[in-house]
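Read from first to last, the chains carry the letters A, B, C and D; within each, the first residue is number 1.
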Amino acid sequence: MSSSLGTLFRISTWGESHGPGVGVVVDGCPPRIPLTVEDIQHELDRRRPGQSKIVTPRKEDDKAEILSGVLDGLTLGTPIGLFVRNTDQRPSAYTEMQQAYRPSHADYTYDAKYGIRAVSGGGRSSARETIGRVAAGAIARKVLQHTLPAYECLAYVKSIKDIEAKVPDKLTFEHIESNIVRTCDGEAAERMIHLIETVRSEGNSVGGVVECQVRGVPPGLGEPVFDKLEADLAKAMLSLPATKGFEIGSGFSGTLMTGLEHNDEFYMDGSSVRTRTNRSGGIQGGISNGEDIVFRVAFKPTATVLREQKTITNDKQETTLSARGRHDACVLPRAVPMVEAMVHLVLADHFLRQRAQCG
Amino acid sequence: MSSSLGTLFRISTWGESHGPGVGVVVDGCPPRIPLTVEDIQHELDRRRPGQSKIVTPRKEDDKAEILSGVLDGLTLGTPIGLFVRNTDQRPSAYTEMQQAYRPSHADYTYDAKYGIRAVSGGGRSSARETIGRVAAGAIARKVLQHTLPAYECLAYVKSIKDIEAKVPDKLTFEHIESNIVRTCDGEAAERMIHLIETVRSEGNSVGGVVECQVRGVPPGLGEPVFDKLEADLAKAMLSLPATKGFEIGSGFSGTLMTGLEHNDEFYMDGSSVRTRTNRSGGIQGGISNGEDIVFRVAFKPTATVLREQKTITNDKQETTLSARGRHDACVLPRAVPMVEAMVHLVLADHFLRQRAQCG
Amino acid sequence: MSSSLGTLFRISTWGESHGPGVGVVVDGCPPRIPLTVEDIQHELDRRRPGQSKIVTPRKEDDKAEILSGVLDGLTLGTPIGLFVRNTDQRPSAYTEMQQAYRPSHADYTYDAKYGIRAVSGGGRSSARETIGRVAAGAIARKVLQHTLPAYECLAYVKSIKDIEAKVPDKLTFEHIESNIVRTCDGEAAERMIHLIETVRSEGNSVGGVVECQVRGVPPGLGEPVFDKLEADLAKAMLSLPATKGFEIGSGFSGTLMTGLEHNDEFYMDGSSVRTRTNRSGGIQGGISNGEDIVFRVAFKPTATVLREQKTITNDKQETTLSARGRHDACVLPRAVPMVEAMVHLVLADHFLRQRAQCG
Amino acid sequence: MSSSLGTLFRISTWGESHGPGVGVVVDGCPPRIPLTVEDIQHELDRRRPGQSKIVTPRKEDDKAEILSGVLDGLTLGTPIGLFVRNTDQRPSAYTEMQQAYRPSHADYTYDAKYGIRAVSGGGRSSARETIGRVAAGAIARKVLQHTLPAYECLAYVKSIKDIEAKVPDKLTFEHIESNIVRTCDGEAAERMIHLIETVRSEGNSVGGVVECQVRGVPPGLGEPVFDKLEADLAKAMLSLPATKGFEIGSGFSGTLMTGLEHNDEFYMDGSSVRTRTNRSGGIQGGISNGEDIVFRVAFKPTATVLREQKTITNDKQETTLSARGRHDACVLPRAVPMVEAMVHLVLADHFLRQRAQCG
């Protein structure tokens, strides 16, 4: 269904941007997993507006409330209901947009599909929908870490427009959180921040690429045909707002190599099966092989720009529109925890599926 | 589930490469759709080994048999069972591979997941599994064309290694089928054929990019959150063997643009809502906007190379392996109908979902 | 999944009895259906404790809050989030039960399954979980009535213990709501009320049978194999707390007839296809035939009795337990709206499925 | 979907009665389960026409062919394709029925739903569809027995019309298979056989009740809300052709008891938790409690009777119809293995779900 994801670890998000709030139901979470509201709030704070000078200054506290499924710090095995109340609603800033379709937004397509739309703040197409994902992802991470202590998922900004970060050999969470862009290269971070501030001052926007390394995934997760692990990751990433591409391992550049160059030779590392290279990106035939899972996601420049653009009204008259309001000139710093959340969700689901079928 | 795809137009494939055969069950097909076995065979013939000098010379007739769900040339609305018997089985050519894991294949990960594996011919991980997809895709296309007469899906080879095709403005099916590579540029086709023959003679392989244009999709197909149309397309493509990446519209290169450059301005073309550019790739907010859907898929170089490579045995000894047998030195000519089939399947499913919810 | 029901009109309930509240997410509701909070509250009030002298006197207001998916009295096509805050929580009354498993409750099986349990008030196994169903059912009814104006679902108490109601030929909603038992026979109602009051005064309980007539369902709803309409109704009814049986049309007594007696002969009623008898209960081969859908559901006597019973503790010691607290001595008056809600949900789902596949 | 059942152990049946054959795909079966074609054939033979003098004399060999998913007597973890070719097709016997709707069959409702129908032999509504269920059930039983060696499912005819069998205390498979009715009481068997032969000689038919005892199910299987174990059993049973009712444990007669009489008191049997009575039927709150699961299913008298009945044609003219052909005058002897198969399927699915969520 439209608003649900996962087969066994299954989430259903709900909520419009300017309604009472947004939330998520997590069904299928194993029982007796330690979980506190702080585990969830920590990730929501990384996603939250107003967290730094380069993201939207909207004041949204995004305080998570656990409504069910957890007792005395342990999951019950029953559905976990999570709720975040909407606070900063300024419909007045959006009045003009009620009639004109914002270019490269979902305004027109929602009207085409449903014949009705919650105009204010983008309604269901608002990035606030991702709050439920990030909250649920925090729970999925706890589930994975409970059984797979080496599990770790590190997403980071690989590039903003044409500024590319250098990835250190031993990347840590601290590298990424040491700068407000959430990149892994302090020098590039400076230039990225400068670029974002410049385009914002011009009412313009930029995009970039998020890369992700997932460690500690045992061999055997994933399914061989339609639900290949990379297929589910691709779907999860392309379901995030503003994404335009996904590649795993060698990706598009792998098409420039020959098979002999591209293949990952196996070797024994003590008693562990390893590959010398990792062009496969940690997945072969849809199933994890124990190497790091490495992929990249392309995010387009933010569609909301504070400059006049040509468009049409909902009664099909040509017009122009200059967006106002407080928007991200670059979504990537806040997209990093979203990418991680989607990884947690996909892997938790495949972890349970593997446990079901293969014991 | 692992071997099923779709919510309403739902397919389930089954079959190993060297067992009795492979097949698919299509559940949810609307009734009274005209369908003959030739509709299906035509697409299987485009996928079939031995169709030209640049694909594997294996002799596989791949004759489709309709076992249920169709009567007197019309679908019944009941499950359509399709069966293709395996014919060319030469287990002897594969003996050596039973013990050594082929690099960048699914041999090791299947063993890690299941603790058992149909070694011969790759078993379930064989590209023969895609027969069921291509057959089901032919049915999905009939469903779409029955209601949407302008519906057309054209996939073609955009590049092989570093040879890139020029895409003509008015691309037709005949352009693509006029050459055995299934590219859209006669001059590039010659060079691609030469390259494939050269690498094959060297026991090596190459990959490339398939691009796809989908026309005649009305606005409103797709779902706003997890089942975004581009997300389901990404999953469908990454579920095909040998794929490493997916991008839609501007894709990864769109990250190099600013928002002002990237946005697709709306205008009225008579009574039709159109966009001046199509960086969105025909989808906005997960929902089709009526423009052509345009995306690209990266296929890695074939993992099977006829040259000695280092690897390990299934009892974890290091060894070397030189594959033998008859393989594609480049999968892309045969991948083109697979990409199209997956598009048909995704769109038929979303077409039915839209009809269910929005009438 | 455990807490979700439906393929296209899909609901997910969440919430424990003594946590912050209970709720439901309705995904897949068509857009532009008129819906107000009063539509929902009306059904919740029929389900609510404290509504009459023969139901539990617990004070639960059960005020519904619509959190998403509705704007200005119309559905948006996006998930509808509904929330009912828990108010009357008296954990003290339940202390003793924390250690002793209540006979014929879910205490022991929850512990066996999850290894953890929200003891207070039954947690997830509380009848409060049905609040989400009744609320969602009210929405499903609006969806059905929007397209099928003759749609009407009338459930009523057919028997309490050995007191059986006489069903009038032209049964109306007013008949049923004219008495606090929700039966269709004023004379029997008096005797039923007296029986319930008597067993309650003795700390005992009784059960009975709810019958349901569904009118205005067009021919063609339902699926022919696993998702037969009667199969989905049976599942829906057996998923309600305290149910022990389901029968449709002639049911168990039909096994005493011969085929010639049992068959429903067809005839033409003007231009309508009708059957002379309705032993089929309105469904043939899993698909509605246009006659009234008629079925019965058995509800066991309430498991909570205020008398000493033998049982064991959660550390497996034999003990005795006398329940206290405020319980229903008979669940049937409050079960009537639950049965109706489940019918609405099943039919709305099949209505959308039929629209998807058969246009 | 219409032709699929199960979340994790998922089957999809296909096939019309007079097409090339019928079959099933089993997806999600664990790997390395011992399985031979004989395991399957054994159950198909119990379901097969022509097996005794009281069932239809149609000659259908119903030979199972395993097309995939099994190698050298072990499951691979991949989809298991099963195929049974149709052999005894006599369309001529059915000509008359092409125009007249058979009373209490699915002819009219299929036409109402799909606007098209495979008339011959009932097409998809034929009892041949259950071949796939019985075959898949045989696999599910192997899965259950592999981990739960005490697992045993015994279905038997409890009554035919008004002849009721006495159930012995220590019921065995041999009791049931010692007579061609598959009842558990030799004396009643004689009378049942006589009754079936009599009604058949009169062109009439009878129905009855199948009872089922399921042993060796550990506590903890089942889900607490919509997918309660009894709800999934009810759905599975009501999805079988000719069923009109389901009751578990005390069932409808439990409504005549008070709570004090009805409750199952817990006690310790050594280290095992047991209940003194089993009115719950082995399931409490949707979850198995370790007692035998006991339920009953009502089967109506066979709709096909060889006597003239009033009906209408598919162009809505009133007419009469006398069925010819070779039919079961009583479906119950052949229904027994179907009931068992559905139990295996439901329990295998819940077994895998429990393993997924609770480890």
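Quick note on the criterion: contacts are C-beta pairs under 8 Å (C-beta built on N, C-alpha and C of every residue); 3 or more make two chains touch, one makes a residue touch a chain.
Quick caveat, the model's predicted, so the values are computed rather than measured.
Enquirer: Which chains lie in contact with each of chain C and chain D?
Expert: Neighbours common to chain C and chain D are A, B.
Enquirer: For chain B, which other chain has the most distant CA centre?
Expert: C
Enquirer: More C-beta pairs touching across which pair, A-C or B-C?
Expert: If we tally the contacting C-beta pairs, A-C comes out ahead.
Enquirer: As a quick test, compute the distance in whole Å between the mean CA positions of chain A and chain D.
Expert: Inter-chain centre distance comes to 46 Å.
Enquirer: Round to the nearest whole Å and give the separation of the Cα centres of chain A and chain B.
Expert: 26
Enquirer: Between chain A and chain C, what distance separates the C-alpha centroids? Give it in angstrom.
Expert: 39
Enquirer: For chain B versus chain C, what separation do you get between their C-alpha means, in angstrom?
Expert: The separation of the two C-alpha centroids amounts to 46 Å.
Enquirer: Could you check chain D for residues that touch two or more other chains and list them?
Expert: Each of 1-4, 7-8, 13, 28, 31, 77-78, 113-115, 124, 224, 358 in chain D touches at least two other chains.
Enquirer: In the complex formed with chain A, which residues of chain D make contact?
Expert: Touching chain A from chain D are residues 7-8, 28-31, 77-78, 224, 352-353, 355-359.
Enquirer: Where on chain A does chain B make contact in their complex?
Expert: Going by the criterion above, the answer is residues 1-5, 7, 13, 101, 103-106, 108-110, 112-115, 124-125, 129, 159, 161-162, 199, 204-209, 219-228, 230-239, 241, 243-252, 254-268, 271, 273, 275-276, 279-281, 283-290, 296, 298-305, 307, 309-312, 316-318, 354, 358.
Enquirer: Residue numbers of chain A touching chain C in their complex, please.
Expert: Going by the criterion above, the answer is residues 1-4, 8, 10, 12-16, 19-23, 25, 27-28, 31-32, 65-69, 71, 74, 76-81, 83, 113-118, 123-124.
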